[in-house]
Amino acid sequence: MRKVFLLALRDLRLEVRDRAGLLSVLAFFAVMLFIMALALGPDEGPLRQAAPGVLWVALAFGSTLLATRAFALEVEEGTLDDLLLTPGSKEWIYFGKLLFQMLLLLPLAALALLMAAGLFYLPLERGLYLFLTLALGVLGYTSVATFYAGLLARLRGREVLLPLLLFSLVVPVVLAAVRATTGLLEGLPLAEVAPWWQLLLVFDVVYLTASALLFPVILEG
Amino acid sequence: MLVRLEAIGKRFGRDWVFRNLSFRLEKGEVVALLGPNGSGKTTLLRLMAGLLKPTRGRVVREGQALFLPNPPAFHRHLTAREHLLYDLAFHGREGDWREALRRFRLPEDLPLAAFSSGMRKRLALARLHLLRPDLWLLDEPETALDREGRDLLTALLGEARQEAGVVLATHDRGLALAVADRALELEGA
Amino acid sequence: MTEARKPHRPDALTWGLLGLGLFLLPAGLYVALTAPPDVNQGFLVRIMYLHVPTAWLGYLAFFVTFLYSLLYLFRQNPKHDRVALASAEIGLVFMGLALVTGMLWARPTWGVYWTWEPRLTTTAILFAVYVGYFLLRGAIEDPELRRKAAAAVGILGFINVPISYMSVKWWRSLHQTQSIDLTTGRINMAPEMFQALMFNLLIFTLLYLAFVRFRGFLAEREAGGEEAEALGLEARKEEA
Amino acid sequence: MRKVFLLALRDLRLEVRDRAGLLSVLAFFAVMLFIMALALGPDEGPLRQAAPGVLWVALAFGSTLLATRAFALEVEEGTLDDLLLTPGSKEWIYFGKLLFQMLLLLPLAALALLMAAGLFYLPLERGLYLFLTLALGVLGYTSVATFYAGLLARLRGREVLLPLLLFSLVVPVVLAAVRATTGLLEGLPLAEVAPWWQLLLVFDVVYLTASALLFPVILEG
Amino acid sequence: MLVRLEAIGKRFGRDWVFRNLSFRLEKGEVVALLGPNGSGKTTLLRLMAGLLKPTRGRVVREGQALFLPNPPAFHRHLTAREHLLYDLAFHGREGDWREALRRFRLPEDLPLAAFSSGMRKRLALARLHLLRPDLWLLDEPETALDREGRDLLTALLGEARQEAGVVLATHDRGLALAVADRALELEGA
C-alpha cells in the first residue's frame, strides 16, 4: 500500500518538475474547448448541446496522453527495468500509476468543467454531480488506459495499438458518461441519471479488477 | 545457487547471439563476463536478470537480482537523495542514504539531469550499496569512473562478495583479473 | 515446449461437424426463404435468418475466446490459447458477416448503410476489439508474452459483447430491440419465424464448432512449425 | 536547398519506420472524429455545424504532436547537437523540419477531410477549396509550431510562459481557418471566403519569415 | 590555431565549474583532458564545440568541429549505412562509407537500435573517419570498445593528427600517455 502512494507521489513530483506533460494537456483542453466554442457559437443552443461531447473528448485525450507518459517516461529513461526488478508482485505498479493519473486528472477535469461552463454556457448548479460523473468516467477510462499503456510500453508499434485497443474499451464508458452529463445539464431528475452512474460504476469495477489482476501477468512476459 | 542457466539460447530475429550456454553462480563468487563487442555480454546479463526471455533453455534465479546498465538509468528530475529514498522504499529496505552519499561523494540536492557521467555511475553504485541485492549484474561498471571511483567500485565488489554473487561484464581485463574469481568468455560472431 | 503428439489431420468429429453443417446449410437457406414475410418488412425480413445467427455466433465465439483466455492465464497451457485464437478468428468472420448483412438490411429499411446509432457503433467497436487482438498478436515476438497479452485483450475486450447486446436497451435506438430477450426470457416473434431462426442458428453453431476445431488444429501445426523452423535454422548454421 | 530536402526525407523515413507518431496522429484523428460524431450525432444538423471545429482541433493537435516530435526525437536521441554542428547557417534545419511536417500533414489533412466528410455528412463538391484552406491553415500553424518546438527543445520546459505566448499566436490562424472552412461548407460565394484566405496567407508569410529569421538565433542560445 | 579559450569561466546555477581557463590547440596536436568525476571535462568539450556558451570569457574556433558524446547519439531507426550517408550529405562531404563500415567491422543493414554499445562506439568512429573534421572533441572515446576497437581508435587518432587537432577527455591514463602530446588536467571541486 505504501509503495502505491510513494510511486504515485514520485510520478507526480516528476510531472510537476517536468511540466511538459501537464502543460500540453492543459493547452490541449484550452485550445479544444476554445476552438469548438468558436466553431459552434455564438448561439447558445448548439453550444450547450455539444458541450458534453466536447468535454469528454477533451478528457479522454488528456488521459490517454497522461497514461502514455506514465510509462513512456520510464521507458525513455530506462527505469522501467528498475521497477520490474523490485521484489514482490507487480500490482502495486499498476495502482501507483493509476493513482498518479487520477490525482492529476481530477483537478484537470474540474478545471476543464469550469472552462467548459464558461465557454459553453453550462449551468453549474449541479456541479457536484457533474464532477461525480467526471470522476466515475475518468476512473473507468484511466484504469484501462494505464493497463494498456503498461502492456504496450515495451512494444514497438505501441502508439498504434494503444488507441485502437483502448478506444474500443473506452467508448462505452465515454458514451455512458456523455449521457449522464447530458442528463444532468438538461436538468433531468437524478433518478433518471442514476442508471448511468450505475453503469459507469460497473465499468469502473470491472475494468479495475480485471486490469489489476492481469497487469502483473503481462509485465512479467 | 543464485542463478543457473540451463542450456540457454537467445535469438534476435534470425541471428543467434548464443545457442547453448550453461552457467551457474554461487553465493560469494565474482565472475567476469568477457568478450568482444557484440558478443552478447549485455544480453546475457539481461537474461540473468529476467528482463529478457531466452529463446531456448531455462533461467533459474534465486533471491533478488539487480541489473546495472551502462550508462545507468535514472529519473532526471529527481535528486540523488530522492532517488535513493524511493529506491529503498520500493525495495522495502532500510539504509543510511546519507552515509551512502558521503561515501560515494555525491551532492544531495542536485537534480540528476545535472550529474556528470561519473557521478551517475557513482550514484548507481551507491544504490547497489544500499539495496544490497543477492545477485549483482553489472554492465561495464568501471567506465566513466575516475581513479577514486574505481577504488570505490573495487571495495564495493569486495563487500558484495561477502553476502551475494556478482557477474560483471567488462572490457577491462585488468579489472577482471583483480576482482573476479573466474571469467566467462563469450566468442564474437 | 513439449509436444506429445502432433496430429497430422483433423479428427473425425471435426469432419463430422463440418459435414453436417455444410449439409444442412442449404436446408437452412430453404427454410429461411420460405418463412412467412413480416407484417412491416415483407420479404426483407429474410435477411434476418443470416443476420441474427451470425451476430449471435459472433458473440458466442468471443465468449469462448474469453473463457479460454481465462483458462490460459490460469493454466498457462498453449492449447487454451490456440482455442481462444481460433475462436476469435471465427468470431471476427461471423461478426463481419453480421455487420455486412446488417448494412445490407439497413439500406432498404433506414435508407442508409450506416448511421451513428448505439447498436451499430457498439458492434463496430466490438469488431475493432478483435482486429486489435490480432494486430497485437502480430506485434509481439516473444510467444509467451504474445499469448498472455492476447489473453488480456480477449478478457477485457469481451465486455463489449454485453454492451453491444444491451445497447438497444440502454440507449434509445433505431435498431430493432431484442425479440428474443435473453435477459428476461421473453420471445416476441411469430412461432414459424422463431423455428426457422433456431434452425439456422443450429446450423451455424455446427459450422462454428467445426471451424474452431479445424482452426485449432491448424494453429497447433503452426506452433509445431515455428519450433521446427527454429531448430532447422540452427541445424543449417551448425553445418556451415 | 538539397540539405533541406534530405533532412525532410530523413525525418519522414524515421517517422515511417517508427510509425509511432504517424499512427498516433492518424489514430487521434480517427478517434476524435469518431467520438465527436457519436457525441453530437446522430442528427445531421449539429454534426455538420460542428464539423469545421472538430476538423481543426484534430489538425491543430495533430500538427502540434508532430512538431514536438520533430525535435523531441532529436533531443531524446541526443542528435540535435549533430545538426547544430553541421557547417553553414542554421535556417535549413528549420525549413527541413517544416517541410517534413508539411509532407506528412498535407496527406493526413486530406485524409482527415475525407473522414470528416464521411462521418459528418459534409458536402465535398468544393473539396479543392477546402483543401486549399487546410493547406494554408496548416502551413501557418506548423511554421509557428516548428519554431516553438525548436525553442522548447533547447529550453527543456523551463520557460513556462513561452509556449503559452506562442500558442496565442496560433489561435488567430485556426480561427481564420475555421471561418473559411465554415464559409465553404455553408456554400458562401468564394468572394466572401477569399478575405479569410488572404488573412491566412498574410499570417503564413509573416510567421514563416519571422520564424526563419529567429530560428538560428534561438538555436545558438 | 583551431580553438582558443580566452580566460573562460562556466557556471551552472550558482556553482562555477571553472573560473578562469585559457587554452589553445594547434593543428597536429592531440591533447588529453584529464580530471576526476565532475571536474568539467564534458562541459569543456561542449564549450569548445560551441554547444554551450561560456559564462565569462571567449571561445574562438576555426574550422569544423565535431563532438563525440559518450555514449554516442544516433537515430535508432536508421541503419549504419543510412546514418553515414545522411551525415556525409549534411556535411557536404564525399566519402567511401563501404570502406568505413568494413574498417570498423560494422553490419550495414542492422537498425542502430539493435547495436551493442561497442558497435555504437565503432560507428561513431567510422563517422569521424568519414567526416574528417578539423577539430575532434572526444568524450571518453575508449569506453565500450574491445581490444580491437581500441586499436582502431589509436590508429584513427594517428590519422587525425595529420590534418586536424584532437581533444579527448578520458579517465584512462594509459591511453592518454599513448596518444596525447600533452594533457590538460582539471581539478575536482
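Read from first to last, the chains carry the letters A, B, C, D and E; within each, the first residue is number 1.
The rule is simple: a residue touches a chain if its C-beta (ideal position, glycine included) is under 8 Å from a C-beta of that chain, and two chains touch if they have at least 3 such contacts.
Keep in mind that what you see is a predicted model, and the values were worked out from it rather than measured.
Shared contact partners of subunit B and subunit E are absent; no chain touches both.
The set of chains in contact with subunit B as well as subunit C comprises A.
A comparison of the A-C and C-D interfaces places the larger number of contacting C-beta pairs at A-C. Put simply, subunit A has to spin 175° for its C-alpha atoms to lie on subunit D, with the angle rounded to a multiple of 5. The greatest centre-to-centre gap from subunit D, using C-alpha centroids, is found for B. The chain with its Cα centre farthest from the Cα centre of subunit C is E.
Of all the chains shown, the one with its CA centroid nearest the global CA centroid is A. With centres set at the average Cα position, the gap from subunit C to subunit D is 41 Å. Note on chain placement: the centre of subunit A and the centre of subunit B lie 37 Å apart, centres being C-alpha means.
Averaging C-alpha coordinates per chain places the centre of subunit A 25 Å away from that of subunit D. Measuring from the averaged C-alpha position of subunit A to that of subunit E gives a distance of 46 Å. Multi-chain contact residues, meaning those touching two or more other chains, occur in subunit A at positions 18, 156-157, 160, 164, 167, 171, 175, 221.
Within subunit B, the positions touching two or more other chains are listed as 53.
Looking at subunit C, residues 121, 142, 144-145 sit in touch with two or more other chains. Contacts from subunit D toward subunit C in the complex involve residues 37-38, 41-42, 119.
Considering their complex, residues 73, 118, 121-122, 125-126, 128-129, 131-132, 135-136, 139-140, 142, 144-145, 148-149, 151-153, 155-157, 159-160, 163, 170-171 of subunit C touch subunit A. Partner subunit B is touched in their complex by these residues of subunit E: 12, 35-38, 41-42, 70-71, 114-119, 121-122, 140, 143-149, 171. Listing the residues of subunit C that touch subunit D in their complex gives 115-117, 121, 174. The touching residues of subunit A, counted against subunit C in their complex, run 144, 147, 151, 155-157, 160-161, 164-165, 167-169, 171-172, 175-176, 179, 199, 203, 206-207, 210-211, 214, 217-218, 220-221.
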